[in-house]
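One structure, pasted below without further comment.
Every chain is named by a letter (A, B, C and D) in the order it is written, and numbering of its residues begins at 1.
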């Protein structure tokens, strides 16, 4: 974990209201990004916003020996912090802190990873898909499936998609017409599935029901307002079914989807 | 007076910590900038700073018939508002409101305009010098003298200076060694002087004493924190010798320097 | 839908044309912002405070910028009652929006004097009683923190209204600088206030470290702007549940979303102050946004917005 | 000059190594920010509130961002006294900075229980009594607004200290949500407090207009961050002139200049809270800045800064 004044290497719009931001991120032994882990960015002026903004890594490429690597995020413009970020240009300085949080685990040998992404969950799931494709190539699991849901084609990112990616749109303007849950209902994973998801709450809850029905493991990357990002403030509470809370920033953001109380989450 | 979302046409550093910012400013009948008048700029994010920042026009060029003109300011980076402005780039949008306030008047026929500038007063005085040079060429007054004071050569702006410009530096690294007041003490205007000044309070007070001693008119452009800029809030009070206050934004910023209570000003 | 939408807001006997006003002290007397703002399209224009005698106001500097806000210590600078009537009222009279005169003074009798005299004048639609200004030594703030005094002053003012027909509402403007704002709101209600408005500014101070003195000549000033918005929304939420007279909300409103926070919290109308300095078009844009929200929600009256809060 | 500069700050019998601390609730128990912050270099580490029993805290969401600030309604979530001693205290004991435990509870007896039990433990340098948390229904805020109760609670806590030798200072943390903070400060002083710290958060609310409900599950929360800095500076200025015990200043401090505003206003030490979230390096940078200021001004002791105010 480190706080860096790093440099924007590139920024480009990848879908309506979505940007991919790439920045220098020196490799450091044992503390590398990973799918599901995140970085917090100071996005704005000196006093406002007062809180850093968290974003999941969407990619990371280690540099050559001793050299700096490069990390990326895919972000949606939601408010003033992300609006500011959309105005960044290559060479601009970027105050980033990370990597933070617990990332995704690896599926059991022979399992079929089923990745589900929607909205701002696209970045981390693309990263996970790329990682699991390497695992699959090495024979550690079956080839991953990546199902991504969007309102319409305009929101589907213009990013190289991995093999096995399926796009679902509510209006059928691209790929499958319907929600990701609809598509999954008719999908046969062939091997025992292992679910991974990141996206809007209703989607997360739908995958939870699916995983439960199939008695499959489910790793869910949750979203919650954060202040410290390091476990110090108890602000990012996510309610769990056993009662009480876990902290999204250090206990998660990747949590066992079966323990999260999706009803109480908002 | 209008509020415009206009466009930055150019920005360049002109001295240590000083920038010239040029932006589109459409001509409008009877409501043009003029030396001493100012514009307020929203400089920063959505919530912070909460107040617009006032800057004196340093130049204005009317466009061809029906076309938009171009205005300029010279600003010093002092805090977060001006730091933000220093990061503007050509093509960026600029929220500007103006022209505001009362500008400089014209000297009596035959008078020698003596312009005194320091620090952030350089912009408006360069504009005034250019305007009075035209007047002088038309025989309306004597050729203006512009005396500018800086801590050292690094603060002297890299801007085309008018004929008759004198640079004074505290350390003698450029031009006359000493303050503008020192230089003025040894200066013979030839004709009855008319004083004009904009700059730090001690300089303004020094010119006031000089003008009083020579029984010469003195137009002083004052600086005061502003909120509305249009005379509505009574915030920009400048104490006057008769007791009470005038408003820098509508009664000024150019005031009769002999009525201002320079001691009570801060 | 639009046709049947009622943007009007009832405050006592007065119906303001719409819920968006400009706050006292930030819009002068209505002419200063011409031609930037069409003041006639506003719901209400709250004037700068009027006191019996002219006031120069506090020493300078009177303003300083703070994170997402500002401090002011204007000190009720105003031309006084006579000059207000002679010089400012004629312009205000011609306004299509409601004109609410913000009334202040050093003593209860000062407030009475202003109101009694204005009762004789046409072109005024209501009184906002400033018992909450943090910037005058013997004035407002002492009143605004003492419920008994607020009740008595309100009653005297309410009883002093002499005009026939529709009575001009008395709107008591509350200070957030108290332990329990609801107690003061209830005192105003008990005294016969037609409405309360909240919040006035919070007491604050900035020190100029280089100069080693307070930036404001007076030391402390009143904090306003987006920074205080959460405080204002919480006050309106509580006060609107504590009294049954209408609540007018203000404090840091910059846009329609902010205004709707206040309306959902229980306000029937809002005012924009500091935001007008930064974006003079903010009040009328907020009005448009409220209209759009009502249309989307299928509401026919501004008064129904508060009921939407879950 | 540097050699003879004394950065230490005396609070009762305790001497903190320097004037910059990290505020309760924003730095956990000191390990969370490793390796970003060298907590040993701080003047003091104020822990998250400790209550007798474990507390889960309030429902989520507990945070929301506001203009130049944030609201929190954590609700004193903490592992409870036993787990604090077993799990957190060992790490804190090893710290070179002063460790001040923030104490909270539902009843006076709760506070007493925490203090009495901690008196038996090494590695604690002081107690900060949280009588000002706006986020617990039966808890802090009620205490913090009633001077008589603050005085009685302070006296009971001061008297309950049983350790021999240097006594651990009792620092009463004041709420700004009162009509006159000086009255409460004086009550703490009368009860035997060694110092007061101010300010805790202001009560605020954000409404999510799209969802038509309060963003925080609890409705209201505590406002902190740069937005409230002018309120904190004004409180410290007033309180430090009302009591003769030391005042510790906090609220919106982001850098050395902000810290110096508080020290010039009359504080002998400061805490950074919300700013640590945004820039973990802020506290130690502020310390460096204070050191540089003292050197420039030729001061040999932090305690002399306040006298510079004109």
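Everything below uses one rule, namely that contacts are C-beta pairs under 8 Å (C-beta built on N, C-alpha and C of every residue); 3 or more make two chains touch, one makes a residue touch a chain.
Everything quoted here is computed from the prediction, not taken from an experiment.
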| item | value |
| --- | --- |
| Of B-C and A-C, whichever chain pair has more C-beta contact pairs | B-C |
| Whole-Å separation of chain centres (CA-atom averages), chain B against chain C | 36 |
| Distance from chain D to chain B - Cα centre to Cα centre, in angstrom | 46 |
| Distance between the centres, which are taken as Cα means, of chain B and chain A, whole angstrom | 52 |
| Junction residues of chain C - those touching two or more other chains | 66-69, 225-227 |
| For chain B, residues that touch 2 or more chains besides their own | 46-48 |
| Graph class of chain-chain contacts, one of line, ring, star, complete, other | complete |
| Partner chain A, residues of chain C touching it in the complex | 67-68 |
| Residue ranges of chain A in contact with chain D within the complex | 1-3, 42, 46-52, 97, 224-239, 243-245, 250, 264-266 |
| For the chain B and chain A complex, residues of the former touching the latter | 44-48, 80, 84 |
| Residues of chain D defined as touching chain A within the complex | 25-28, 32-33, 35-36, 48, 56-57, 59-70, 72, 74, 77-78, 211, 217, 225-227, 254, 274-281 |
| Complex contact set, residues of chain D against chain C | 66-69, 71, 145, 177-179, 202-207, 209, 211-214, 219-221, 223, 225-231, 233-234, 237, 252, 257, 260-261, 264-265, 293, 308-310 |
